[in-house]
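As structure tokens, here come the structures.
One chain, chain A, links the two complexes that follow: it is found with chain B in the first and with chain C in the second.
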Partner chain A sequence: MSSVVQYLLAGLGIGGIYALVALGFHIMWSSAKAVNFAHGDTLMLGAVLTIVFLDFGLPMSVAIALAIGVSVIFGVVLERVAIRPFAAQARSIGWMLTTIAIGIMLESYATISFGAFARPLPSPLAEKPVIILGAGVFPQELLIPLAAVAIVGLLYFFQRRTQLGRAMRAVAFNREAAGIVGINVTRIAMISFALASALGGLSGILVAPVIQASATMGLLLGIKGFAVAIIGGITSAPGVVIAGLLYGVIEKFVDGYISTAAREAVGFSIVILVLMIWPQGLFGRKEIVKV
Partner chain B sequence: MMWLSRNLNWLFAVVAAVLILAMPDIAGNEYALRFYTLMLIYTILALGLNVLVGYTGLVSLGQAGLYAIGAYTAAILATRLGFGFVPCLILGMVFAGSFGILLAYPTVRVRGVYLAVVTIAFGIIVENIAIEWDSLTGSWVGISNVPKPTLLGLPLNHKMYFYIVGGCALAAFAVNVNIMNSRFGRAMLATSQSEIAAASLGINVTALRTLAFVLSAVTAGAAGVLYVFLNKYISPDIFSFSDSIRFLLMVILGGAGTTLGPVVGAGALSYLPELLQQFGEWQRFVYGALLAIVMFVLPRGIVGSAADILHRFFPAARRETDGDKRPLGEIVSIGPAGGEVCLEAKDLSLHFGGLAALNNVNAQLSSGEIHGLIGPNGAGKSTLLNAVSGIYRVNSGRVFFLGVDTTDMRSHQLARRGLARTFQNTELFQEMTVLDNVWAGFHSDYRTGLFGAILRLPSYRKEEEKHRRAALDLLNFVGLTDYAYEKAKSLPFGFQRKLEIARALAVRPKLLLLDEPAAGLTQSEIDDLRDLIIQLSDHGITIVVVEHHMELVMAISSQMTVLDYGEVIAKGTAAEVQEDPKVIEAYFGSPEMLAPPPEERLDDAEREP
Partner chain C sequence: MNERAQPLLEVNNLCVSYGQVEAVRDVSLKVMQGEFVSIIGNNGSGKTSTLKAIAGVVKPSGGSIRIQGAEAQGLAAHRVVGMGVSLIPEGRQIFSDQTVDDNLMLGAYSRRRRDLDSFDDDFQKILQLFPVLAERRRQIAGSLSGGEQQMLALARGLLSRPKLLMIDEMSLGLAPRVLETLFPVLERLNREGLAILLVEQLATMALKVAHRGYVFENSRITISGSASELAGNKQVIEAYFGRRTN
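On to the complex of A and B.
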């Protein structure tokens, strides 16, 4: 019994990270029909920079704010130089490769300057586990899924109650029509990437106390976050969050009862199966081809 | 110059063959020879991946998985069961190829980035099964002690093995070139540019995508087997996601969709690590930076961008464009459809969510007539065309084409039965030449198959020539002869419309559906179009014209159907339809409707019997 609770709570913890990463992919996709394939490295940036700023002796709050700030700048610059020139062409895979290339550069630079080893990010919420029904989890792990749900709630509110949020939804629905009614589509894309990257940096900071920060921490988190966004239905914010939490929980159970390698094999098999049954993802909107 | 550009591929193959023969002596030592063997193995893999990515337009980020399947198959068979090199190679290709079929299955429904995720997932699954299935794969330790390769009982030394790999690479290159310049290459390119238009020409898109996946899987499997016998040792860490990315980059960097691109890309990315060693710990950073720079400076890859520049300075020489200038009837032997009724729609209904785009539509089309389909914007005209041509599935009702129930048929099946169409916003294969656009339309007319095309059998060459001439004749018929070797996207809009009609004629239509053929044309182009439609009708083709240009559609149609809000509101000759009060109301509104306040209108409606 206690192991079931253990896997469930730990699964929600890591699932919350997948959900936040997937939410970032959802925001980027909605605005540009393209994503940053190096989004995993945005997480790494947030986590690693927070540690670096703490090393400088800055207080935690300032370090976190600065790290998220740099993540935002990274996302905005990347959208401008690596995505916008390529996203205009239909069926282009240029943006996949340019963002992967920039991800490689960032990861390698982090390895050189930060070191190849992993370091924990100290957090008051990851010092002493709490015992719930016999299962020990860090409060940090409980915080992550709550943060994911709270953020998707805020996003929902923002997209429906503010002018900017409504403009973002308009762009997601139809870029051309949004442009015609006077919405600055490129500005919306910039803001969306800024928002997604802020979420990415924040996710990195949230997860680092649990899994440790390293230059290479982003790769698998990024891939899984993207896979989760796709199976959740990348057009639906609540969809990707639900898919993220579910994926995390399933993963922990397979990990616990079988093995770590089986975790990836089973997890990604589920990804393929879901897509074969629901080609637009679980909660995605079906697009009607117009000719 | 002309001869050179046309035979560049074969010239390259000869040079490459000579280089391969001389390489063991040039390389000097075993380490260098091993490096060149590996480079050739990557070339084989990249050539196969190019069929998928470059020609068919499907991105695979899991090619390392297929490479691993080939490699593990060979390693396990050779170490456990004592299989020799050749059986291992064959079984490795077969096994990887069957996974190609499995991987192609989702493409029936899954598209774009969704498909990219399927391939990523596949690669990661294979990698982790290799780690997990300890008893078979040796987990992290991998499989070592792979025996030396032998051929016909003779052990192969490094030099001989290099020649074998070189031979495989040359064969892969030849296959690549021959597929590219065949009906399969054209159909793949067509599919990548407009799936719907390709299907409307009778191309079975699913079969073609499966073929592309299988070809790329078989070559990846072969590359994996060749790697095992070179390295004598494998472990899961050489088949990771970043390897899949590196393989994709070989194709993109060299130039996806070009024949020489994968060769150049594989060479460059194999050589790059050697070159970057001087950067020490900055090696990967420089690797990333180089990739980014290449994507910005040469977005079509090294070979693709070089070809673009060459074309700018040496525009394509005027090649033979005349064909035989035969009249239409001799080109595609179209005749009147048998039977009285050509097409019949019975109680067709189609809903998009809550919106009824078609509501119990009944319409009949007699063979040989020109039928005008009109109605205000959003009346459901294009939806009706899409429903009868197999693009949309209807919610209820049946469609009969030439007496056969075709309701559940796919677009390409209908095309093969003689239903051709054009599209409202033109769906040309933009990056292909004008000639290739039409030539692709003959795809389902060929009798020779893949092996005939790869081996360039005489029967295949004969068919190729026959259909090329027919395509040229069709271009002559619509007056586009002079543009045969231009890219379709460079044509003025009016010519694009004509090209689309010429392409549709390649399927020998008995029924031709024209969706707003006059939209965007000038008056003189509309006059040409009218003559063209009448000429086609004179050849016995039944024609449906969806059109807003009333003058044109009234002048040519013998029968008309009027749609409004997804329902048929009038049928008859042009004159009858013009007088119909319901039609007048649908287009102009009723005079009473504008004047009185809404409540009164409701009363009016209620008072109607």
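On to the complex of A and C.
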């Protein structure tokens, strides 16, 4: 019993991160029909920079704010130089290569300057586990899925109650029509990348106390977040969050009952299987691509 | 009106190509303040591409577009809206996953903050113009009937407060009964001072409501003149009144 609860809660913790990463992919895809494959490295940036700023002696709140700020700048600049010039035509895929390339460069730079080792990000919520139904879990791990659900809720209201939110939905639905009503489509893309990157930086800071921060921490988180976005249905914000939480839980159960080695194999097998049955993802909508 | 007044819209030698295909060749037309101009012609004759080029949806490959004297060719679509020209596109292109209210709010997206004060008045006016929308405000736009969607598209375009409203194929797929309510709305808006550039396959209707007209054929303008001249023109009668689609 206690091990089931253990896997469930730990799974929701890591699943919340997948959900947040996938939400970032959802936001970027909606506005630009392209994503930043270096998005995982935005998490790394958030986590690593927070540690670096703490090393400078800055207080935690300032370090976090600065790290998220730099993540936002990274996302906005990347959209401008690595996506916009390469996603001008429908079906163009140059942005895949350019964003992967920038991710690799960023990782190399972080390895050189931050070091090749992992460091924990201190958090008052990751010092002492709490016991729930016999399972020991850090409050930090409980916070992550709650944050993911809260953020998707906020996003829902933002997209229905504000002009900017409506405009983001309009661009996602039909870029041409959005331009016709007076929406600056490229600015919406920029804002979306800023928002996704802020979420990315925040996700990195949230997960670093649990898994430790390192220059390479973003790679697998990014890939899994993307996989989750695809199986959840990249057009649906609640869909990708549900898929993220589920994926995290499944992973932990495979981890616990089979082996850590089997985790990725089983996880990605499920991804492929789901895609075969639901090509649009579990909650996704079929998109019309205009050429 | 002063004969030498500046045109609201002036298009000179406009060309649009899609790759090797030339969709619009050397098209020149203008719309004066408060004028109602119709463009008629068959499918694929370049009418839609002309409107799209003016609206900034496609980039022209040549020629000039001026809105109240200011150069507008090649501008992004949202800039053209800001200059007072609004396009009601073919197929309505409403945001069918959002509510009727949200669509209308988005119609006012280009307005500056100070203009938003008058938004409520305009909103009420629009709902009076299209009473059926007032009953459907919380409904998802995709659930509206074809005629209601066209009304929503018109309302959305009007809320940007255009000086010129360009409408592409308003009648497409709509029942005659619906058109009998839509055309009088256009005439009323025009009487109140709104300039209209209407692209329409239903030549009889289009020429009945317009002051002037242009006939498109094979990517260029072949005939132009006052609406009554065109309606009496032998070529026009043979080509467009003889075999009416819809």
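As a convention for this text, the second predicted complex is superposed on the first by the 286 of 291 C-alpha atoms of A that agree within 3 Å, B and C clash if a C-alpha of one lies under 4 Å from a C-alpha of the other, contacts with A are read in each partner's own complex, and residues count from 1 in each chain.
Throughout what follows, a contact is a pair of C-beta atoms (placed from the backbone, for glycine too) under 8 Å apart; a residue touches a chain by one contact, two chains touch by 3 or more.
Source: prediction; values computed, not measured.
Novice: Mind checking chain B and chain C on superposed chain A, clash or fit?
Specialist: With chain A aligned, chain B runs into chain C, so clash.
Novice: Quick check on the superposed pair: does A:176 touch chain B, chain C, both, or neither? Answer first, second, both or neither.
Specialist: second
Novice: For A:82, using the defined touch cut-off, is the partner it touches chain B, chain C, both, or neither? Pick first, second, both or neither.
Specialist: First partner only.
Novice: With both complexes superposed on chain A, which partner does A:102 reach: first (chain B), second (chain C), both or neither?
Specialist: first
Novice: Compare chain B and chain C by how many residues of chain A each one touches, and report the one with more.
Specialist: In the superposed model, B touches more residues of chain A.
Novice: In the superposed arrangement, does A:160 touch chain B (first), chain C (second), both or neither?
Specialist: In the superposition, A:160 touches chain C alone.
Novice: Mind working out whether A:65 is in touch with chain B, chain C, both or neither, as first, second, both or neither?
Specialist: A:65 sits against neither chain B nor chain C.
Novice: Considering only the touch criterion stated at the top, classify A:279 as touching first (chain B), second (chain C), both, or neither.
Specialist: A:279 sits against chain B, while chain C stays out of touch.
Novice: After superposition on chain A, which segment of chain C among 2-10, 38-46 or 182-190 overlaps with chain B?
Specialist: Only one listed stretch clashes with chain B, namely 38-46.
Novice: Does any part of chain A touch chain B in one structure and chain C in the other, and if so which residues?
Specialist: none
Novice: Any idea which chain B residues touch chain A in the complex?
Specialist: Interface residues on chain B, with respect to chain A: 57, 59, 105-106, 109-114, 116-118, 120-122, 124-125, 127-129, 131-132, 192, 196, 241, 245, 248-249, 252, 281-285, 287-289, 291-292, 295-296, 299, 352, 382, 386, 391, 423-425, 427, 515.
Novice: Considering only the defined contacts, which chain C positions touch chain A in the complex?
Specialist: Residues in contact with chain A: 55-57, 76-78, 81-82, 86-87, 89, 93-98, 102, 105-107, 109-110, 156-157, 160.
Novice: Contact residues on chain A for chain C in the complex?
Specialist: That would be residues 160, 163, 166-167, 169-170, 173-174, 176-177, 179-186 of chain A.
Novice: Show which residues of chain A lie in contact with chain B when the two form their complex.
Specialist: Those residues of chain A that touch chain B are 35, 82, 85-86, 91, 93-94, 96-98, 100-109, 111-112, 219, 223, 226-227, 230-231, 234, 259, 261-265, 268-269, 271-272, 275-276, 279-281, 288-289, 291.
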